[in-house]
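There are two complexes below, and they share chain A, which is joined by chain B in the first and by chain C in the second.
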Partner chain A sequence: MSGIQIQIQSRSTGEFVDASLLDGMAAQDLLLVEREWLAERSLVAQELLRAGVERAKWPQSLHWNWSKKAPQLMLLESTGFGVVCESLWQGVMLTKTASYFARLGSDKGKPLVYVDFLEIAPWNWVIPEIGRDGRYRMIGSTLFWRAVQQSEEEGFHGRVGLHALPQSESFYEKGCGMTPLGRDATKQNLLYFELSREQAQRHLQKGGDA
Partner chain B sequence: MTNNKTNGPDREWLLKMAEFEDSCRSISAGGMAADLGLLPATQSGPHRVFGRLIEFARRKKSLSVEQLAERAQVDLADIVDIEMNEMAAPDVRTVFQLATVLDLPSARLMEVAGLASPRPEVSSAALKFAARSEPTAKLSRDERDALEEFVKVLVETSDKG
Partner chain C sequence: MALKKTMTLNLTDAEMAVLDELSEKKDLSKTAVLRQALRLYQMVNIRIERGEKLFFEDEVKKEKAEVVVL
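Our next item is the complex of A and B:
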């Protein structure tokens, strides 16, 4: 895998630490990441259960178990990116570039990068109810930034589409400046978001919904 | 837009974005998870009934999720998945182990879990159960009645073979 050097911020010290943003993961590599994340997911579930935290506040990806989907993952044609720090996968993103087209604005019908999967390691989750502050921040933002870069590299002018989990909707709308384009019945009613070429430029220059 | 020290986004941009990250509970994108059935379903279905049945039967026995996982020798993550994720697809061993610990007829529980074709009586009882049950911390009298009625049908149809 190739990659670039980046920095992410430690939540405990506030310091920026070196990390790598790697290219070249395949969908099935998610099984390796899952193995690394599984024990922590289980710990989070136990802490939530013991603390009696209402389920609406549980991370909506808590029960994702990719190992059970291994045969399907082998068939997926995605390219992936991961953030590695302290020799651990801190976050992963899988994207697709074929057969996904913009629904938004003047670029309607033109190809875009579709973010099929984006997730951060469970030790980076912030769950105040069980005193979890998260180890590192900026991982999701960095991965999304990479999706926009990939879109530029592919000649898609920064166009990106994705389906957000309900708990993530405001991040993509307000943080990334994407436009919500309605719930998608083919994706279990997740809200579909798109970043136009103009929004991509604004996002890269200023960040947020500026 | 890139940092002098790295090839990634610059610090000022990252700090601004981190504020948005912190204001949300998650930053997950889930298209692939939706395709692979890893998200909770929004409609009632057989798996919803199965998860609810397991949750109620567990609570009736005053077992925590951890205790049930331990007694059934099933991964804790699998029990959480079954109870939380209406699209969970438990395997035969897991369903059998749960049936044993929760005193439910295993063959009928396979039907409720979607691992065997359900008989009409089971489907009908499952629908009634789904309509009457809501997830709360303690079983209400009505929920207890709903659970007992459903289990009665499972046991009776089990006796018929």
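Our next item is the complex of A and C:
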């Protein structure tokens, strides 16, 4: 794996702490991610049940299992990225580079980086209903910035596409500046978003802040 | 990005013409076009080895044709 040094922000103190943004994750790394996150996922589920929080407000990635996604890393088109801080995986993203194409404007039909999965560690989730404030912020936006960077490196001019979970739609539209292009019946009716090359340049110019 | 190795590629005029055309159409370097082709070929092969089939579908005519990959 290779990577760069970044900083993420503690939600409780506001302080910035050093972290690593890594790329080239291997299948074993995703198994490790799942092992680290599984107990916390279960704890969150128990707290939600105990507090009687309605299902619609549960984190929509609560059922995800990164070990099941590990085989995808055998494919040349798949890349795994992760943020590590305090020796723990704080967020992970899986991208694809060959099976999705742009739908927006003049770049329609040209390749893009497709964000297949992006999730932050369960201890970073903000769930007011059960008093969870989240440990660190800026992880999702850093991973998204890395997807735009990957698109630049691939010669895709920053184009990025993804299907967002309903709870993340606002983050991708307002935070990342992506364009919603309608619901996709072949992807559980999730809303498809795309970042054009122009939007990518704007996103990179403002430092990837989401 | 992973470390890259350099190789020389010998192509016929016809193959080079197609590479030029795809490079222009997809707004990619020739290296990027070949990299994309390799990724797709690997993905298709893995899925076919798993017993899956590859189809092209004409949505207007409602026709489906299986692509046989050797």
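Just so it is clear, the second predicted complex is superposed on the first by the 189 of 210 C-alpha atoms of A that agree within 3 Å, B and C clash if a C-alpha of one lies under 4 Å from a C-alpha of the other, contacts with A are read in each partner's own complex, and residues count from 1 in each chain.
Throughout what follows, contacts are C-beta pairs under 8 Å (C-beta built on N, C-alpha and C of every residue); 3 or more make two chains touch, one makes a residue touch a chain.
Only a predicted model underlies this, so the values are computations on that prediction, with no experimental measurement involved.
J.: Between chain B (first) and chain C (second), which, if any, makes contact with A:24: first, second, both or neither?
T.: Only chain C is touched by A:24; chain B is not.
J.: Looking at the overlay, does A:201 come into contact with chain B only (first), chain C only (second), both, or neither?
T.: It touches nothing on chain B or chain C.
J.: Looking at A:154 after the superposition, I want to know if it touches chain B, chain C, both of them or none. Which is it: first, second, both, neither?
T.: The answer is second: A:154 touches chain C but not chain B.
J.: With the two structures laid over each other on chain A, which partner does A:76 touch: chain B (first), chain C (second), both, or neither?
T.: In the superposed model, A:76 contacts both chain B and chain C.
J.: Once the shared chain is lined up, is A:179 touching chain B (first), chain C (second), both, or neither of them?
T.: A:179 sits against neither chain B nor chain C.
J.: Going by the contact rule stated at the top, is it chain B or chain C that touches a larger number of residues on chain A?
T.: Of the two chains, more chain A residues are contacted by B.
J.: Taking the superposition on A as described, I'd like to know which of chain B and chain C A:97 touches: first, second, both or neither.
T.: A:97 sits against chain C, while chain B stays out of touch.
J.: Is A:114 touching the first partner chain B, the second partner chain C, both, or neither of them?
T.: first
J.: After overlaying the two complexes on chain A, where does the chain B footprint on chain A coincide with the chain C footprint?
T.: 76
J.: Spell out the part of chain B that touches chain A in their complex, as residue ranges.
T.: The contact residues of chain B facing chain A are 1, 3, 5-9, 11, 13-36, 38-42, 64-66, 75-78, 80-81, 84-85, 87-89, 135, 137.
J.: For the complex, which residues does chain A have touching chain C?
T.: 2, 23-24, 74-77, 97-99, 107, 109-111, 153-157
J.: Provide the residue numbers of chain C that touch chain A in the complex, in ascending order.
T.: 1-2, 25-29, 32, 36, 38-40, 42-43, 46
J.: Taking the touch rule as given, give the residues of chain A at its contact with chain B in the complex, in rising order.
T.: Against chain B, the touching part of chain A is residues 4-9, 16, 18, 21, 27, 38, 41-42, 45-46, 49, 52, 55, 57-65, 68-69, 72-73, 76, 78, 93-94, 114-120, 125-127, 137-138, 140-142, 144-145, 162-165, 167-168, 170-172, 174-176, 187-190, 204-208.
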